[in-house]
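Naming follows writing order (A, B, C, D, E and F), and every chain is counted from residue 1.
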Amino acid sequence: MPYVNIKVTDEGVTAEQKRQLVKGTTQLLADVLNKEPHTTFVLIEEVNTDNWGIGYQVVTKLRQSAKQG
Amino acid sequence: MPYVNIKVTDEGVTAEQKRQLVKGTTQLLADVLNKEPHTTFVLIEEVNTDNWGIGYQVVTKLRQSAKQG
Amino acid sequence: MPYVNIKVTDEGVTAEQKRQLVKGTTQLLADVLNKEPHTTFVLIEEVNTDNWGIGYQVVTKLRQSAKQG
Amino acid sequence: MPYVNIKVTDEGVTAEQKRQLVKGTTQLLADVLNKEPHTTFVLIEEVNTDNWGIGYQVVTKLRQSAKQG
Amino acid sequence: MPYVNIKVTDEGVTAEQKRQLVKGTTQLLADVLNKEPHTTFVLIEEVNTDNWGIGYQVVTKLRQSAKQG
Amino acid sequence: MPYVNIKVTDEGVTAEQKRQLVKGTTQLLADVLNKEPHTTFVLIEEVNTDNWGIGYQVVTKLRQSAKQG
(Lines give C-alpha, C1' and ligand atoms only; values in the text may rest on other atoms or scores of the structure.)
Protein backbone atom coordinates (compact mmCIF):
# COMPACT_ATOMS: atom_id res chain seq x y z
CA MET A 1 0.00 0.00 0.00
CA PRO A 2 2.51 2.64 -1.05
CA TYR A 3 1.80 6.34 -1.16
CA VAL A 4 3.63 8.41 -3.74
CA ASN A 5 3.54 12.19 -3.95
CA ILE A 6 4.95 13.79 -7.10
CA LYS A 7 5.46 17.53 -7.07
CA VAL A 8 6.19 19.35 -10.32
CA THR A 9 5.86 22.93 -11.53
CA ASP A 10 2.49 23.81 -13.08
CA GLU A 11 3.79 24.27 -16.58
CA GLY A 12 1.09 22.61 -18.63
CA VAL A 13 1.06 19.00 -17.49
CA THR A 14 -1.65 17.31 -19.57
CA ALA A 15 -4.24 14.80 -18.35
CA GLU A 16 -2.56 12.19 -20.55
CA GLN A 17 0.84 12.86 -18.94
CA LYS A 18 -0.74 12.53 -15.50
CA ARG A 19 -2.18 9.16 -16.51
CA GLN A 20 1.28 8.06 -17.63
CA LEU A 21 2.84 9.16 -14.34
CA VAL A 22 0.21 7.26 -12.34
CA LYS A 23 0.55 4.15 -14.46
CA GLY A 24 4.36 4.18 -14.54
CA THR A 25 4.78 4.80 -10.82
CA THR A 26 2.29 2.10 -9.88
CA GLN A 27 4.03 -0.34 -12.22
CA LEU A 28 7.44 0.50 -10.76
CA LEU A 29 6.26 -0.28 -7.22
CA ALA A 30 4.70 -3.53 -8.37
CA ASP A 31 7.89 -4.53 -10.20
CA VAL A 32 10.45 -3.53 -7.58
CA LEU A 33 8.62 -4.19 -4.31
CA ASN A 34 5.77 -6.43 -5.41
CA LYS A 35 3.26 -3.87 -4.13
CA GLU A 36 -0.43 -4.29 -4.81
CA PRO A 37 -1.64 -1.72 -7.41
CA HIS A 38 -5.15 -1.56 -5.94
CA THR A 39 -3.80 0.07 -2.80
CA THR A 40 -1.09 2.15 -4.43
CA PHE A 41 -1.83 5.87 -4.29
CA VAL A 42 -0.10 8.33 -6.61
CA LEU A 43 -0.78 12.03 -6.03
CA ILE A 44 0.47 14.69 -8.42
CA GLU A 45 0.76 18.22 -7.10
CA GLU A 46 1.36 21.09 -9.50
CA VAL A 47 3.16 24.01 -7.89
CA ASN A 48 3.15 27.54 -9.33
CA THR A 49 6.56 28.65 -10.63
CA ASP A 50 6.38 31.65 -8.25
CA ASN A 51 6.22 29.18 -5.37
CA TRP A 52 9.13 26.92 -6.29
CA GLY A 53 12.68 28.03 -5.54
CA ILE A 54 16.03 26.55 -6.43
CA GLY A 55 19.49 28.11 -6.19
CA TYR A 56 18.16 31.21 -4.34
CA GLN A 57 15.65 31.97 -7.11
CA VAL A 58 12.03 31.24 -7.95
CA VAL A 59 11.47 29.22 -11.12
CA THR A 60 9.49 32.06 -12.73
CA LYS A 61 12.67 34.10 -12.70
CA LEU A 62 14.83 31.21 -13.94
CA ARG A 63 12.52 30.70 -16.93
CA GLN A 64 12.75 34.41 -17.79
CA SER A 65 16.54 34.34 -17.58
CA ALA A 66 16.63 31.24 -19.78
CA LYS A 67 14.50 32.94 -22.45
CA GLN A 68 16.61 36.08 -22.45
CA GLY A 69 19.75 33.96 -22.18
CA MET B 1 1.50 20.26 19.06
CA PRO B 2 0.45 17.76 16.40
CA TYR B 3 0.30 18.49 12.70
CA VAL B 4 -2.30 16.66 10.64
CA ASN B 5 -2.54 16.77 6.87
CA ILE B 6 -5.70 15.37 5.29
CA LYS B 7 -5.71 14.89 1.54
CA VAL B 8 -8.97 14.17 -0.25
CA THR B 9 -10.19 14.50 -3.82
CA ASP B 10 -11.77 17.87 -4.66
CA GLU B 11 -15.28 16.55 -5.10
CA GLY B 12 -17.33 19.24 -3.41
CA VAL B 13 -16.15 19.24 0.18
CA THR B 14 -18.22 21.94 1.91
CA ALA B 15 -16.99 24.52 4.42
CA GLU B 16 -19.15 22.83 7.05
CA GLN B 17 -17.55 19.44 6.35
CA LYS B 18 -14.12 21.03 6.66
CA ARG B 19 -15.09 22.45 10.04
CA GLN B 20 -16.19 18.97 11.13
CA LEU B 21 -12.92 17.43 9.99
CA VAL B 22 -10.90 20.06 11.89
CA LYS B 23 -13.00 19.69 15.02
CA GLY B 24 -13.06 15.89 14.97
CA THR B 25 -9.35 15.47 14.31
CA THR B 26 -8.39 17.95 17.02
CA GLN B 27 -10.71 16.20 19.48
CA LEU B 28 -9.24 12.80 18.60
CA LEU B 29 -5.70 13.97 19.34
CA ALA B 30 -6.82 15.51 22.62
CA ASP B 31 -8.64 12.31 23.61
CA VAL B 32 -6.02 9.76 22.57
CA LEU B 33 -2.74 11.61 23.20
CA ASN B 34 -3.84 14.44 25.47
CA LYS B 35 -2.58 16.96 22.94
CA GLU B 36 -3.26 20.66 23.39
CA PRO B 37 -5.89 21.87 20.84
CA HIS B 38 -4.44 25.39 20.68
CA THR B 39 -1.31 24.05 19.03
CA THR B 40 -2.95 21.34 16.94
CA PHE B 41 -2.85 22.11 13.22
CA VAL B 42 -5.18 20.40 10.77
CA LEU B 43 -4.63 21.10 7.06
CA ILE B 44 -7.03 19.85 4.41
CA GLU B 45 -5.73 19.59 0.87
CA GLU B 46 -8.16 18.99 -1.98
CA VAL B 47 -6.58 17.22 -4.93
CA ASN B 48 -8.06 17.25 -8.43
CA THR B 49 -9.36 13.85 -9.56
CA ASP B 50 -7.00 14.05 -12.57
CA ASN B 51 -4.10 14.19 -10.13
CA TRP B 52 -5.00 11.26 -7.88
CA GLY B 53 -4.25 7.75 -9.01
CA ILE B 54 -5.11 4.36 -7.54
CA GLY B 55 -4.88 0.92 -9.13
CA TYR B 56 -3.06 2.29 -12.23
CA GLN B 57 -5.84 4.80 -12.96
CA VAL B 58 -6.68 8.40 -12.19
CA VAL B 59 -9.83 8.94 -10.14
CA THR B 60 -11.49 10.94 -12.96
CA LYS B 61 -11.47 7.75 -15.01
CA LEU B 62 -12.67 5.59 -12.12
CA ARG B 63 -15.64 7.88 -11.57
CA GLN B 64 -16.56 7.67 -15.28
CA SER B 65 -16.32 3.88 -15.25
CA ALA B 66 -18.49 3.74 -12.12
CA LYS B 67 -21.18 5.87 -13.78
CA GLN B 68 -21.19 3.78 -16.93
CA GLY B 69 -20.88 0.61 -14.87
CA MET C 1 -9.59 7.23 -0.78
CA PRO C 2 -8.26 9.82 1.65
CA TYR C 3 -4.68 10.03 2.81
CA VAL C 4 -4.04 11.34 6.32
CA ASN C 5 -0.61 12.08 7.75
CA ILE C 6 -0.40 12.68 11.50
CA LYS C 7 2.86 14.05 12.85
CA VAL C 8 3.48 14.06 16.60
CA THR C 9 6.54 14.22 18.81
CA ASP C 10 8.07 10.85 19.69
CA GLU C 11 7.20 10.95 23.36
CA GLY C 12 6.07 7.41 24.00
CA VAL C 13 3.06 6.90 21.73
CA THR C 14 1.91 3.34 22.39
CA ALA C 15 0.78 0.78 19.82
CA GLU C 16 -2.69 0.96 21.34
CA GLN C 17 -2.82 4.74 20.93
CA LYS C 18 -1.75 4.37 17.31
CA ARG C 19 -4.59 1.93 16.75
CA GLN C 20 -7.01 4.44 18.24
CA LEU C 21 -5.70 7.23 16.01
CA VAL C 22 -6.07 5.04 12.91
CA LYS C 23 -9.55 3.92 13.88
CA GLY C 24 -10.79 7.35 14.89
CA THR C 25 -9.45 9.14 11.83
CA THR C 26 -10.86 6.54 9.46
CA GLN C 27 -14.24 6.75 11.19
CA LEU C 28 -14.24 10.55 10.98
CA LEU C 29 -13.68 10.48 7.23
CA ALA C 30 -16.41 7.88 6.79
CA ASP C 31 -18.82 9.94 8.90
CA VAL C 32 -18.12 13.39 7.49
CA LEU C 33 -17.30 12.67 3.84
CA ASN C 34 -18.67 9.17 3.38
CA LYS C 35 -15.20 7.92 2.47
CA GLU C 36 -14.54 4.24 2.03
CA PRO C 37 -12.42 2.87 4.95
CA HIS C 38 -10.77 0.21 2.80
CA THR C 39 -8.96 2.87 0.83
CA THR C 40 -8.36 5.30 3.69
CA PHE C 41 -4.67 5.54 4.62
CA VAL C 42 -3.59 6.93 7.99
CA LEU C 43 0.15 7.41 8.54
CA ILE C 44 1.59 8.38 11.89
CA GLU C 45 5.03 9.93 11.96
CA GLU C 46 6.86 10.35 15.25
CA VAL C 47 9.33 13.22 15.22
CA ASN C 48 12.19 13.57 17.71
CA THR C 49 11.77 16.50 20.09
CA ASP C 50 15.13 17.86 18.88
CA ASN C 51 13.65 18.10 15.40
CA TRP C 52 10.39 19.91 16.19
CA GLY C 53 10.43 23.65 16.75
CA ILE C 54 7.76 26.07 17.89
CA GLY C 55 8.12 29.65 19.05
CA TYR C 56 11.81 29.81 18.07
CA GLN C 57 12.65 26.78 20.25
CA VAL C 58 12.97 23.02 19.86
CA VAL C 59 10.53 20.95 21.93
CA THR C 60 13.38 19.29 23.86
CA LYS C 61 14.20 22.70 25.30
CA LEU C 62 10.54 23.55 25.97
CA ARG C 63 10.10 20.34 27.96
CA GLN C 64 13.19 21.13 30.06
CA SER C 65 11.94 24.65 30.77
CA ALA C 66 8.53 23.27 31.76
CA LYS C 67 10.13 20.84 34.24
CA GLN C 68 12.29 23.52 35.79
CA GLY C 69 9.36 25.95 35.60
CA MET D 1 20.36 18.94 -1.43
CA PRO D 2 17.75 19.97 1.11
CA TYR D 3 14.04 20.11 0.43
CA VAL D 4 11.99 22.68 2.30
CA ASN D 5 8.22 22.91 2.22
CA ILE D 6 6.65 26.07 3.66
CA LYS D 7 2.90 26.04 4.17
CA VAL D 8 1.11 29.31 4.93
CA THR D 9 -2.47 30.53 4.64
CA ASP D 10 -3.35 32.12 1.29
CA GLU D 11 -3.79 35.61 2.61
CA GLY D 12 -2.12 37.67 -0.08
CA VAL D 13 1.48 36.51 -0.12
CA THR D 14 3.17 38.61 -2.81
CA ALA D 15 5.66 37.40 -5.42
CA GLU D 16 8.30 39.57 -3.75
CA GLN D 17 7.62 37.94 -0.36
CA LYS D 18 7.94 34.51 -1.97
CA ARG D 19 11.31 35.51 -3.41
CA GLN D 20 12.43 36.59 0.05
CA LEU D 21 11.31 33.29 1.60
CA VAL D 22 13.18 31.31 -1.06
CA LYS D 23 16.32 33.42 -0.70
CA GLY D 24 16.30 33.46 3.09
CA THR D 25 15.65 29.75 3.49
CA THR D 26 18.34 28.81 0.99
CA GLN D 27 20.82 31.12 2.73
CA LEU D 28 19.96 29.63 6.13
CA LEU D 29 20.71 26.10 4.92
CA ALA D 30 23.97 27.24 3.35
CA ASP D 31 25.00 29.04 6.56
CA VAL D 32 23.98 26.40 9.11
CA LEU D 33 24.61 23.15 7.24
CA ASN D 34 26.86 24.26 4.39
CA LYS D 35 24.29 23.01 1.88
CA GLU D 36 24.72 23.73 -1.81
CA PRO D 37 22.15 26.35 -2.98
CA HIS D 38 21.95 24.92 -6.51
CA THR D 39 20.33 21.77 -5.19
CA THR D 40 18.26 23.39 -2.44
CA PHE D 41 14.53 23.28 -3.18
CA VAL D 42 12.08 25.59 -1.42
CA LEU D 43 8.38 25.04 -2.09
CA ILE D 44 5.73 27.42 -0.82
CA GLU D 45 2.19 26.13 -0.53
CA GLU D 46 -0.66 28.53 0.10
CA VAL D 47 -3.59 26.93 1.89
CA ASN D 48 -7.11 28.39 1.91
CA THR D 49 -8.20 29.66 5.33
CA ASP D 50 -11.22 27.32 5.15
CA ASN D 51 -8.77 24.41 4.95
CA TRP D 52 -6.48 25.29 7.87
CA GLY D 53 -7.59 24.52 11.39
CA ILE D 54 -6.10 25.36 14.76
CA GLY D 55 -7.65 25.11 18.22
CA TYR D 56 -10.75 23.28 16.88
CA GLN D 57 -11.52 26.09 14.40
CA VAL D 58 -10.79 26.95 10.79
CA VAL D 59 -8.74 30.11 10.25
CA THR D 60 -11.58 31.76 8.30
CA LYS D 61 -13.63 31.72 11.49
CA LEU D 62 -10.71 32.91 13.65
CA ARG D 63 -10.18 35.91 11.36
CA GLN D 64 -13.90 36.81 11.60
CA SER D 65 -13.83 36.56 15.39
CA ALA D 66 -10.72 38.74 15.48
CA LYS D 67 -12.40 41.43 13.37
CA GLN D 68 -15.51 41.46 15.51
CA GLY D 69 -13.19 41.56 18.50
CA MET E 1 13.14 19.85 -10.94
CA PRO E 2 10.53 17.42 -9.64
CA TYR E 3 10.31 16.22 -6.08
CA VAL E 4 8.99 12.72 -5.46
CA ASN E 5 8.24 11.26 -2.05
CA ILE E 6 7.61 7.51 -1.87
CA LYS E 7 6.26 6.14 1.38
CA VAL E 8 6.23 2.39 1.98
CA THR E 9 6.07 0.16 5.01
CA ASP E 10 9.43 -0.76 6.53
CA GLU E 11 9.30 -4.42 5.63
CA GLY E 12 12.83 -5.06 4.49
CA VAL E 13 13.35 -2.79 1.50
CA THR E 14 16.89 -3.45 0.32
CA ALA E 15 19.46 -0.88 -0.79
CA GLU E 16 19.27 -2.37 -4.28
CA GLN E 17 15.48 -1.94 -4.38
CA LYS E 18 15.88 1.67 -3.28
CA ARG E 19 18.33 2.24 -6.12
CA GLN E 20 15.80 0.77 -8.56
CA LEU E 21 13.02 3.02 -7.21
CA VAL E 22 15.23 6.10 -7.56
CA LYS E 23 16.34 5.16 -11.04
CA GLY E 24 12.89 4.18 -12.29
CA THR E 25 11.13 7.25 -10.92
CA THR E 26 13.75 9.61 -12.31
CA GLN E 27 13.52 7.92 -15.70
CA LEU E 28 9.71 8.14 -15.69
CA LEU E 29 9.80 11.90 -15.10
CA ALA E 30 12.39 12.34 -17.83
CA ASP E 31 10.32 10.26 -20.26
CA VAL E 32 6.87 11.69 -19.53
CA LEU E 33 7.62 15.32 -18.67
CA ASN E 34 11.12 15.77 -20.07
CA LYS E 35 12.39 16.65 -16.60
CA GLU E 36 16.09 17.07 -15.95
CA PRO E 37 17.43 14.11 -13.87
CA HIS E 38 20.11 16.21 -12.20
CA THR E 39 17.48 18.20 -10.36
CA THR E 40 15.02 15.35 -9.77
CA PHE E 41 14.79 14.38 -6.11
CA VAL E 42 13.37 11.02 -5.04
CA LEU E 43 12.91 10.45 -1.31
CA ILE E 44 11.93 7.08 0.09
CA GLU E 45 10.38 6.99 3.55
CA GLU E 46 9.94 3.69 5.35
CA VAL E 47 7.08 3.71 7.84
CA ASN E 48 6.72 1.20 10.67
CA THR E 49 3.77 -1.16 10.24
CA ASP E 50 2.44 0.00 13.61
CA ASN E 51 2.21 3.52 12.17
CA TRP E 52 0.39 2.76 8.91
CA GLY E 53 -3.35 2.23 8.95
CA ILE E 54 -5.78 1.12 6.27
CA GLY E 55 -9.38 -0.03 6.62
CA TYR E 56 -9.51 0.92 10.33
CA GLN E 57 -6.48 -1.26 11.15
CA VAL E 58 -2.73 -0.91 11.46
CA VAL E 59 -0.69 -2.97 8.99
CA THR E 60 0.97 -4.93 11.82
CA LYS E 61 -2.45 -6.37 12.64
CA LEU E 62 -3.31 -7.01 8.97
CA ARG E 63 -0.10 -8.99 8.51
CA GLN E 64 -0.91 -11.10 11.59
CA SER E 65 -4.42 -11.81 10.33
CA ALA E 66 -3.03 -12.77 6.91
CA LYS E 67 -0.64 -15.27 8.49
CA GLN E 68 -3.32 -16.83 10.62
CA GLY E 69 -5.72 -16.65 7.65
CA MET F 1 0.63 29.88 11.86
CA PRO F 2 3.05 28.58 9.26
CA TYR F 3 4.23 25.00 9.02
CA VAL F 4 7.72 24.37 7.67
CA ASN F 5 9.16 20.96 6.89
CA ILE F 6 12.89 20.77 6.25
CA LYS F 7 14.25 17.52 4.87
CA VAL F 8 17.98 16.92 4.81
CA THR F 9 20.21 13.87 4.62
CA ASP F 10 21.13 12.32 7.97
CA GLU F 11 24.79 13.21 7.82
CA GLY F 12 25.45 14.30 11.37
CA VAL F 13 23.20 17.30 11.92
CA THR F 14 23.88 18.43 15.48
CA ALA F 15 21.31 19.54 18.07
CA GLU F 16 22.84 23.02 17.92
CA GLN F 17 22.40 23.16 14.13
CA LYS F 18 18.77 22.07 14.53
CA ARG F 19 18.22 24.90 16.99
CA GLN F 20 19.70 27.34 14.48
CA LEU F 21 17.44 26.06 11.70
CA VAL F 22 14.36 26.40 13.91
CA LYS F 23 15.32 29.87 15.06
CA GLY F 24 16.31 31.14 11.62
CA THR F 25 13.23 29.80 9.85
CA THR F 26 10.87 31.18 12.49
CA GLN F 27 12.60 34.58 12.29
CA LEU F 28 12.36 34.58 8.48
CA LEU F 29 8.60 34.00 8.58
CA ALA F 30 8.18 36.73 11.20
CA ASP F 31 10.26 39.16 9.13
CA VAL F 32 8.83 38.47 5.68
CA LEU F 33 5.19 37.64 6.44
CA ASN F 34 4.76 38.99 9.95
CA LYS F 35 3.85 35.52 11.19
CA GLU F 36 3.46 34.83 14.89
CA PRO F 37 6.41 32.73 16.19
CA HIS F 38 4.30 31.04 18.87
CA THR F 39 2.30 29.24 16.22
CA THR F 40 5.13 28.66 13.76
CA PHE F 41 6.07 24.98 13.48
CA VAL F 42 9.43 23.91 12.05
CA LEU F 43 9.98 20.18 11.56
CA ILE F 44 13.33 18.76 10.54
CA GLU F 45 13.39 15.32 8.97
CA GLU F 46 16.68 13.50 8.50
CA VAL F 47 16.64 11.06 5.62
CA ASN F 48 19.13 8.22 5.24
CA THR F 49 21.48 8.67 2.29
CA ASP F 50 20.29 5.31 0.91
CA ASN F 51 16.79 6.77 0.71
CA TRP F 52 17.55 10.03 -1.08
CA GLY F 53 18.08 10.03 -4.82
CA ILE F 54 19.18 12.73 -7.22
CA GLY F 55 20.34 12.41 -10.82
CA TYR F 56 19.36 8.69 -11.00
CA GLN F 57 21.55 7.84 -8.00
CA VAL F 58 21.21 7.49 -4.25
CA VAL F 59 23.28 9.93 -2.19
CA THR F 60 25.25 7.08 -0.56
CA LYS F 61 26.67 6.30 -3.98
CA LEU F 62 27.33 9.96 -4.81
CA ARG F 63 29.32 10.39 -1.62
CA GLN F 64 31.41 7.30 -2.45
CA SER F 65 32.11 8.57 -5.95
CA ALA F 66 33.11 11.97 -4.56
CA LYS F 67 35.60 10.37 -2.18
CA GLN F 68 37.13 8.23 -4.88
CA GLY F 69 36.94 11.16 -7.30
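We adopt the following convention: contacts are C-beta pairs under 8 Å (C-beta built on N, C-alpha and C of every residue); 3 or more make two chains touch, one makes a residue touch a chain.
This structure is a prediction, so every number in the text was calculated from the model and none was measured.
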If a chain touches chain D and chain F alike, it appears here: B, E
Longest centre-to-centre distance from chain D, chain (CA-based): E
Distance-maximising chain from chain F - centres being C-alpha averages: B
A-B or B-C - the one linked by more C-beta pairs in contact: B-C
Approximate Å spacing (C-alpha centroids) for the pair chain B, chain E: 21
CA centroid of chain D to CA centroid of chain E, Å: 27
Length of the line joining the C-alpha centres of chain A and chain E, rounded to whole Å: 15
Per-residue multi-chain contacts in chain A, two or more chains: 1, 3, 7, 21, 25, 39, 41, 43, 52, 54
All chain pairs that touch each other: A-B, A-C, A-D, A-E, B-C, B-D, B-F, C-E, C-F, D-E, D-F, E-F
List of chain C residues in touch with chain F within their complex: 7, 47, 50-58, 60-61
Residues on chain F engaged by chain C in the complex (per definition of touch): 15, 18-19, 21-23, 25-27, 37-46
Chain B - residues contacting chain F, complex: 1, 3, 39, 41, 43
Chain D residues touching chain F - in the complex, by the definition given at the top: 1-9, 13, 17, 20-21, 24-25, 28-29, 31-33, 35, 39, 52, 54, 59
